[in-house]
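Structure record follows, encoded as structure tokens.
Think of it as A, B, C, D and E in the order they're written, each chain with its own count starting at 1.
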Amino acid sequence: MLKVEGIDVYYGDLQVLWEVSFEVRENEIVVLVGANGAGKSTTLKTISGLLRPRKGAIEFDGLRLDQTPADRIIGCGVVHVPEARRLFVEMSVEENLIMGSLSSAAKARRQERLNWVYGLFPRLRERHSQPAGTLSGGEQQMCAIGRGLMALPKILMFDEPSLGLAPILVQNVFDIIKRINKEGVTILLVEQNVRQTLSFCDRAYVLENGRVVLQGAGRELMTNSYVKEAYLGL
Amino acid sequence: MKPARKMFVFLTAFALSVCATAVPALSQTIKVGVVLPLTGSEAAFGEIERNSFQMALDEINAKGGVKGRKIELIFEDDTGKPDVGRSAVEKLISQDKVSVLTGGYSSAVSIGVTALAQQKNIPFLVTTGSADEITEKGYSYVFRINPPASEYPEAVTSFLQEVVKPKTAVILYENTSFGQSSSKSFEGNLKNLGVQLLLKEAYNANAVDFKPILTRVKSMNPDLIYMVSYVMDAALLMRQSKELDINPQLFVGGGAGFTLPEFRENAQAAADNVFSATLWSESVPYPGAMDYYKKYNARFKSNTEYHGTEAYACLYVIADALQRARTFSPSDIRDALASTDTKTAFGPVKFVSYGKKTQQNRLPTFMVQWQRGKLETVWPRNVATKGYIFPTTPWRERK
Amino acid sequence: MDVFWQTLVAGILKGGLYALIGIGMTLIMGVMGIINLAQGQLMMVSMYITYVLFSALRIDPYLSLAIAMPALFLLGVLIQKYFLNPLLKVDTILPHNQVLMTVGIGMVLTEVIRFIFKSDYRSVSTTYSNKTFFLGHISFSVALTVAFGIAVMFTLGMFLFLMKTDLGRSIRATAQDKEAATLMGVNTGRITVITFGLGSALAACAGTLLAPVFYIFPDIGGPFTSKAFVITILGGLGSTVGAIFGGLTLGIAESVGSTYLGMDYENIIGMIIFVGVLVFLPSGFKRLTKV
Amino acid sequence: MKKNLYPLIFLLALIVLPLLLRQEYYQHLIILFMMWVIIGSAWNLLAGYTGRVSFGHAAFFGSGAYAAGLLTYHYAISPWWGMVTGGLLATAVAFPFGWITFRLRGAYFALATLALNEVLKDAAKIAEPLTNGMVGILIMPTFSSKLPYYYIILFMMVLTILCMRLTVHSKLGYYFISIREDQEAAESMGINTTRYKMISLCIGTFWTGLAGAFYMNYMGFIDPSVVFSLQDLSIAAVLVGIVGGVGTIYGPAVGAFIMIAVQEFFRSGFFGLFKYFADKTGSSAFTTVSEFVKTAHTLGFGLLVIFVILLLPNGIVGDWPKIKRKVFRIKPEN
Amino acid sequence: MSFFRTENLVKYFGGLAAVNNVSFEVREGEIFGLIGPNGSGKTTTFNLISGFHRLNSGRVVFKGQEIHRLPTYQICRLGIGRTFQVVKPLGRMSVLDNVIAAAFARVNTLREARDLALETIDFCGIVPVQNLLAKSLPIAWRKRLEITRAMATRPALLLLDETSAGLNPTELLQAIDLIKKIRDNGTTIIIIEHIMHVIMSISDRIHAINFGQTIGEGTPQEVAQNKAVIEAYLGTDYA
């Protein structure tokens, strides 16, 4: 479904990704793991068009995403829930959700989806008129996920959804991601919470210094000593 | 051709052409330098003055010029800035080698230029710059045709003394050199007349809204409101006075904007019955005044006003001086100017010294009044074209 | 007491127009993060458009809103697209290149207008330019009151547009987080262009409304630019409601100041309030009003 | 040595020029040019090197001019003494102002200077007993010849440029540029950013004030709208810096030259070139073109500014390598 | 007298406690690691120590002197240097000039500053790039420039914020060598690091925080066994 083939990405003159390739198949949960600065977020940003690869290709259902303008990509069903949520803090919760449904297809089903998201996150319904900046961390994450869901995603990409959340909330977020996946949405997840994500994903790729160094099924990698070492230095 | 060489050829050609222009042409014309604001925010008046100079020039040259030689005017743009004005005059003196200078619209530019003219011993006849200092420095090469700002209110003073006899007054003036000097001298006049000054207030030219200050004026209920303003501010002041229903015995404009046709156009009915001090209007009893006004209208298809007349008269004064000068050297022209005694469309011209002033033309001022959309000269009595309407009818009683 | 009320009314009526100019500037500031130092000059251009329409075709200024505003919208779009957006990619020592560009644009607009119309004062004298009505002892200029009404209308319209439409929300979203907005499918490049257009159109609206009560000359832009940025700072950068507050505050402050201190203090008061707010209330009145 | 070669040649040329070029018109233009080099360099120290753009440099220019003018006007003290006073007064104005406003970020500092400019202008208008208001201050010029002024301003200009060079190549310069590049990094490197911003402001305003005092002496007349002019001084100072190249020693000199040249070039109709053609050919087309050109001097400079910002964002000196590449190399030989 | 210690640091942003009651002590001459997941408050702690943020409560004591009320530049001059997580090169200056500017914290003339800078550049091994513009450097060199610049202020205590993020394995080894070299040269170091095997291998002691609160402290081995630390990093059901 989503195919990333040998992309090189630069920030100005700085190369941050080297020949990164991976694949996400329909209805999978795929995780990119790696330390800070390994290039996980960069990869997601490149898929969603914020950055352009100098080499390589990104294909989604036969469409070349790396040649599609950034603002059209969400309309193709490729939806990115960014790191640190990036909500529009001065807009209300509901407006944030509406911002997810700007494409004409999503707009047509706006009310219906809104109700669906509120069903998924009752807290958001309670706070629908509150500025998003006043929400707690967990609520903000729900709002960000809800905003992504409003866009009728075929594939939903999460960048560190557990960041800064208390453990109980982290579990909560992962449960939601699993549930969304069950509803037929493909998931691409970037996480540093290795143990938990590896336990429920289908496949995972390990990034190190902008390169894919390891890949395999989630359970498999969990027992891989390399991962353990990379994360705990043991 | 290589680009560098192309550049070189171009530059050489250019340099040659510049040199060529710098060499004075071997013509028999008498060069008169004119420095005026032809661009920038004062360009509107620079334009009128330039047209008037041009008109006078064509008339003089058509009659054979001066002693068989034609006058040539060299206009330079001062853009309304003193340092640029200075550049312009430096060029006129050192490059064009003019024998006499005239022009000078804003006081700031004129002052800079007078010092320069004095240093270089080139006679300079100031056309419009109205700051009192211009003729108070004892410069022997500087002459001025228009009265200084402080003398504009003279006719108003005699009118107040003989006719109105007000008890209280308010002065509003634009915060410019002209506004400041002329309101100050009027304040002195009021003191001599024993009139109580309730308020004297400056405003920045081009203010949007006069209502706050006019509201205060209204609450003081003065007999006289004296305003020194340029044309658009003048119109706004009168319009807003009408809006606020302020009814003093009379509104008087201290010259400048209140006599121009644009004032009437913009103030509309609010212009009626407003008095103004003036140096000149086409109806003043000087030979040639009306004539000039009509000729200008016919030639340029637009209205002229006293600035234009000043310029027009200036060139006639210079021509007269040249006619009498022993030679066309600057010092001889200076001497001839100093003994000027002639009549122009702007009035009689004679450079005299009085008070601190030297070589200053002394002119009576007049009072005019807008009556049914027409500007009539109403004071002094001996030159009046119509009787004055006084006291002013309150706004609500007008039809 | 009449003096005070009249002063207040004058301030509020003027403040309505100021608010209109301020909103235009505030939109641009919010979305692009730059101060548009050509705002007053754009307004000046619209005044000339109104003037030409009125003097050549006898079109009423209020009708010419329908021409001046789209025209300025277009002008704003062109400026943003061809003169400001290209600068985004350029790396320079001073980060203010876009601001400096607006200074250059303001200069060129003024000079082009001067080139065409000379420096003469122009005016649009309509039948209602001079009309007034009274409420008690307080006089209201008809033209200014109508202008105030229209200004309020456009302000409300703008507010609703920003709050209730997708395009409006996209503009606000772009102002808050450009990258996140892109992720939501907002073409932020297009939004900046539209925003500059809207900002210019609002300036045009203010200019056209001011034309019948004031007069027109090429240098009129400068003072209004400085008023616009004072308003924007007062209102807390990028806040529409704040700009309305800012406009009214400046209008009233100027009026009260010129009545009770003297008219030549009018500008100084604005500037001192400006510096005061800048230093002591860095986010403007937004912090006080929480909007 | 090579680095100093061109400036030295240029300096020598400026020293002998008035002896060869006797026309005072050109001397006047060069005097204005040198005055602008001082203003531009002073502005550049603050903006180009320290990264604090001033949109209100006229505030300091005007303070300097008034310091010199008022001393003469009220106390009949030679305006040449006023020169130093002018610099000091400008600094005295700048000091508390900087103290209050340096906490403002980027463009807001610029706007605050613009506000200072307007406040001082209006204050000078209102404080009539002190400043004579809009009537202005008129003093008798000291010299009748241009030469003394020429060499005084030349000397001042050389001092300014030397001062800039010494500053830039010392601890101060390193600190200024560090602050410009990254204030937080600068703090962490032990730089008291507030103090060094103040120092930069004080040096910059001192020279600006000095230039203002010179203006008073040279022109003999000032009024608030002339020396506190937003358009003709404050904005012009910014544009001189931008066109020439901010953050370079000689950028402001190039910018000043271009500004004066463009203004005079257009104003005089390309130094009378069009008139010459018109006289030669007798064609009225040239006269018409000449009229257009003459009215377009500000427009010309405005367009130049837009052109420079778009194509040479670092100014002519800053982008000189780029210009050389574009103009001299890429152009095909023919 | 302890060399350096923090006592009950508390810092709120909005209503949120970014750092909540963090206390630790650093001994002279050691490498002290500060670890915690993303967003746990490590960088904020650095900002509190170096004076970029003001404490809500608590104390920072360096060589017996309270420094938490001092401005950043004075803290630097007292001998605490730092690097930034997001590097802050002075882009339009050459590498040498970057370091000279920092060296002026200790000397006053350009000649002395230049000498000091060259010496530091040599020590930190960035001689090959010293004449390049800082903004043109690749990330590894930028990180190294940051360390060099901080070292040029001759700190007694150096705060390193993620100096090895984004480096490839070779560069990583070089970075570790440099850090050890600095320590051996007599500078005490507090280091924030995400790459665990780096921090585990070079630190003498480690302090772990999460949600702004201390969750453990000890030698690398002790910390690696600490249940709270493992949970914070790998998730609840790992231990």
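Quick notes
In the analysis below, contacts are C-beta pairs under 8 Å (C-beta built on N, C-alpha and C of every residue); 3 or more make two chains touch, one makes a residue touch a chain.
Remember, predicted model here, so these are calculated numbers, not experimental data.
Looking at chain C and chain E, the chains that touch each of them are A, D. Steps from chain A to chain B, minimised over paths through touching chains, total 2.
Greatest Cα centroid separation from chain E: this falls to B. One simple way to say how far apart two chains are is to compare their mean CA positions; for chain B and chain C this gives 36 Å. Inter-chain centre distance (chain C to chain D, centres taken as mean C-alpha positions): 31 Å.
Averaging C-alpha coordinates per chain places the centre of chain A 54 Å away from that of chain D.
Multi-chain contact residues of chain D (touching two or more other chains) are listed as 122, 125-126, 247, 295, 298.
Each of the following residues of chain B touches two or more other chains: 39-40, 43, 175, 202, 204.
None of the residues of chain A touches two or more other chains.
Here the chains touching each other pair up as A-C, A-E, B-C, B-D, C-D, D-E. Note for the complex: chain C touches chain B at residues 2-3, 6-7, 10-11, 14, 114, 118-121, 123, 125, 129-130, 132, 134, 139, 141, 210, 214-215, 217-220, 223, 254-256, 258-259, 262-264, 266-267.
Every residue of chain C that touches chain D in the complex is listed here, in rising order: 34-35, 83, 86-87, 90-97, 99-101, 103-105, 107-108, 110-112, 114-115, 222, 226, 229-230, 233, 262, 264-265, 267-268, 271-272, 274-275, 278-279, 282.
Listing the residues of chain D that touch chain B in their complex gives 23-25, 27-29, 32, 122, 125-126, 128, 133-136, 138, 140-141, 144, 215, 219-221, 223, 225-226, 232, 263-264, 267-268, 271-273, 275-277, 279, 294-295, 297-298, 327-328, 331, 333-334. The part of chain A that touches chain C in the complex is made up of residues 48-50, 69-75, 79-80, 82, 86-91, 95, 98-100, 102-103, 107, 147, 151.
Residues 50-52, 71-74, 76-77, 81-82, 84, 88-93, 97, 100-102, 104-105, 108-110, 113, 149-150, 153 of chain E are the ones that touch chain D when the two sit in their complex.
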